[in-house]
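Each structure below appears as structure tokens.
Shared chain: chain A. Partners: chain B in the first complex, chain C in the second.
Let's turn to the complex of A and B:
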């Protein structure tokens, strides 16, 4: 079972929690300055440090050249790797947990990017898991570190702890009320950022937002995690209030039912249309208006993305073909 | 940012390739990206892509006075400060030591005047058990301290026969002494 299919804490609002640690080996230049041979040396060193006899069976070690571009993009759609990592395979490798809750990119922007992805709000657990990998790595390899600047990273924005923690939030009621702009400027003052998690950045498709820490230097891992958790809980409380108010409105409840109707009957659905409709239906399901497991809807959000459909179909479909496949899969899931 | 291909539409697809240490970037609109075979009509966050660009932006107002230092390179990876500015990417761990003073203003613009407060790797803890704890909290360096730093750098530059750099440093020291 994949992690995003299991029910969990604050699951009505929080889709997932992600923690990432950026690390580099002291004895090699950063990836952009590293040839393929040296990159492979880094990959092997990290693989040997992190994969032990106890855990080897639950991970796959994937040299990125062994994937087709579509398979790589599908991993990016699932947020298991970055789009940039998917766009170039030279000397890169991925250590991926079989249940997809740990994903370690080798020679992305940094030599090692340890990522843990848990469902719901689980910042402390996710950080603890990432830290365990970090500790295993530093037992075996000299890590690039400076007492003033902390962990040294290719891009100075990650200096310090190299920790980026984020929470993916479904905030349809706050978005509907037009409070996101104000919220986002308040959050910026606290050293955090919130932005649309899906789409090209022009708008938050499906009202799904990613809240993450910005500052990594001068703050401890524990403090960063606690801050983020506290702000996430406040946003969750605000969203709950906004939902209660919104669901007194018959016009809005009608929109939820209509969205459900389209998802159950459409012959073609584009990814962004589906995402916006699933967002409304997910709100209905979370608030007890519709009787649909949230995990079913979470799964649609992940698995109905273009490259992931291509991978499932085993071929490169046209956009129109995918829209038909998507509509049918959605219909089946909601039947 | 406009599409590099048609120069008409807003670029929405950003492709960065790193081959043998050479980085190339492409910024295309959705139409051109499709035409060129980057048919990623899915959506995922491009966090890791936008950050280096922002960082280059931070660097863009670095004083021109530093232009004279262009030739000087990190001994470990060969990066010049100029290249770091241009790409927004630091070459290796030693670059941070080599270009520390020149990187610091940009780092402080991102993070504030902060000092690392998080974990320390075991290897470092073993080598220097109390180093991090002993250091006093970071304060604005006094003019004397700044001059001392620059003088040490100038000495290094002279030893390395990097007279161009030494001349710039000498001028900076002169300016600071005028202030004091």
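Let's turn to the complex of A and C:
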């Protein structure tokens, strides 16, 4: 998949960049107020607008009802669709790039949610790609747009640009130093938010954080992207400094090696334990302590999630079975 | 060294067997009441009695004053001498087999302490070897012996046979099951004692226990050896049963693999952590889960002790330096 295989900008700290545009068709009520038939009309209209003779072979058009619940949850684990989109399939469809760098949800909260995921820090590229789909859509369909407000969306938090951009950051050194809380409140004042991307919210599993913009009204798309990019670069610089300090500590280096040893040896690994251990090993790999491609570790973080393992196995495994499958896959990946 | 390299009886559970005979010369007061000159007379008398033209090349005669304190402590770590013997060198000497399976302390608490260490369970062989030295001594020197009491020793707890025999047992499954306390009190009733062989007494580091006889009066050497052997075999059988049950638990198997992973990866290992991890790995190796020679692990347990590392390095390392040296040696041994 493109999202972890391509050479990346700031790949030592940035796992991926995500840009999402929310758009609605002028001539239809928001999806919540649409019956299945109308939703399908929207799906077809958007599909015909976005899939052309040139790009059709690179995409799959997937009515969500054709997926099993486990397949849908796996797509959510990979951030290709929202958890809400996975939970109800009626009249919903997904346009998914074969290399999974573009996913377009049809009849999620809005009629169209164009999403681009790129590896590393690539906000402008990802935005440009999303914008190209947006332009293609506007050429074929009347979009709900207000001169004063901008793009109209079901939820007012998306009103205006309809743009949500985020950067997935690996911040083990900042998290270790306990500076995330302070960083988080500083960032809130700048109209952005940073939060643990994995886990149940009580802690940031694997020290992986998502930085995203919050303001969509009264700001241009370009300004929003530039703003987010500037803050991301500042956090990256802070993490680099914190890593340099942390890696002078032999005890911490030893923790990295032990994490590597456990990943290579354990016969059972829960998803959260694996994520925490991969986080340490990824830091070691990024800093030249361990000779492991970051892509391998990025891939494990995505593919070793529960539903994604179930999909790969073609059945609903128990958690205990998955822990064994996960441990073996991790061992093989690091061999 | 013979003590861990030879094929052994019950080597999966028994690390080593030790037999020690305490003897005193009739014509000299006990060492505590001897000046350095008389002690040296005793040393020379015993050396001439025990070292012959046939065996002289296999032994070193070591006046303890020629050793550095670290070298002496290393010998104590290997159980070749007592800690007390290491602590004061005046007028003391050691006859040490080059392969370290025989060590004879001169002017410890008694004039002569003949000790044989063999790998695995080998009480009768070890006793026979010690007895041969005892016979050689008796042919050349008058031994303090009382018709009614038996061999006379400084401490009344050794009076009679002067025999102390012990078996070093690796009992991870019994220790895991929490049955050691009950086992210990049963064994006390049989005139034996079992206690953690490593650590500060608060817990048995590495689940390694020493089973030894306590009674020296009113029992023959042969009976004492047979008695100890019978109890050792019973404990071995119990440990085997407990292992069979324990190894049905996948979570425990996973602990073994993780211990192996940490030993192969850590860059710092304290002695007690290493011992605990080697204990788990040794169980895995003994039960066919890991393909590692038990000798390798037995050797690590002996040679990775602090003073023994200092001797190998030829200097007094700090604990932190030793932890790094130990981790590297363990990694190399398991590579």
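Quick note on the criterion: the second predicted complex is superposed on the first by the 333 of 335 C-alpha atoms of A that agree within 3 Å, B and C clash if a C-alpha of one lies under 4 Å from a C-alpha of the other, contacts with A are read in each partner's own complex, and residues count from 1 in each chain.
In the analysis below, a contact is a pair of C-beta atoms (placed from the backbone, for glycine too) under 8 Å apart; a residue touches a chain by one contact, two chains touch by 3 or more.
Note that this is a predicted model, so its numbers are computed, not measured.
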Considering only touches as defined above, state whether A:267 meets chain B (first), chain C (second), both or neither. second
First (chain B), second (chain C), both or neither touched by A:108: first
Partner contacting more residues of chain A (chain B vs chain C): B
With both complexes superposed on chain A, which partner does A:216 reach: first (chain B), second (chain C), both or neither? first
Touch check for A:257: first (chain B), second (chain C), both, or neither? second
Classify the contacts of A:26 with the two partner chains as first (chain B alone), second (chain C alone), both, or neither. first
Per the definitions at the top, what is the overlap between the chain A residues touching chain B and those touching chain C? none
Over in the complex, which chain B residues touch chain A? Could you list them? 12, 15-21, 23, 38, 40-49, 51-52, 54-55, 76-79, 87-93, 96-97, 103, 106-107, 110-112, 114-124, 128, 131-132, 135, 138
Please output the residues of chain C touching chain A within their complex, sorted ascending. 250-251, 253-254, 257-258, 260-268, 324, 327
For a test of understanding, state which residues of chain A touch chain B in their complex under the given definition. 24, 26, 28-36, 73, 76-77, 79, 82-85, 87-88, 90, 108-109, 131, 134-135, 138-139, 142-157, 159-161, 163, 197-201, 205, 210, 215-221, 223, 271-272, 305-308, 319
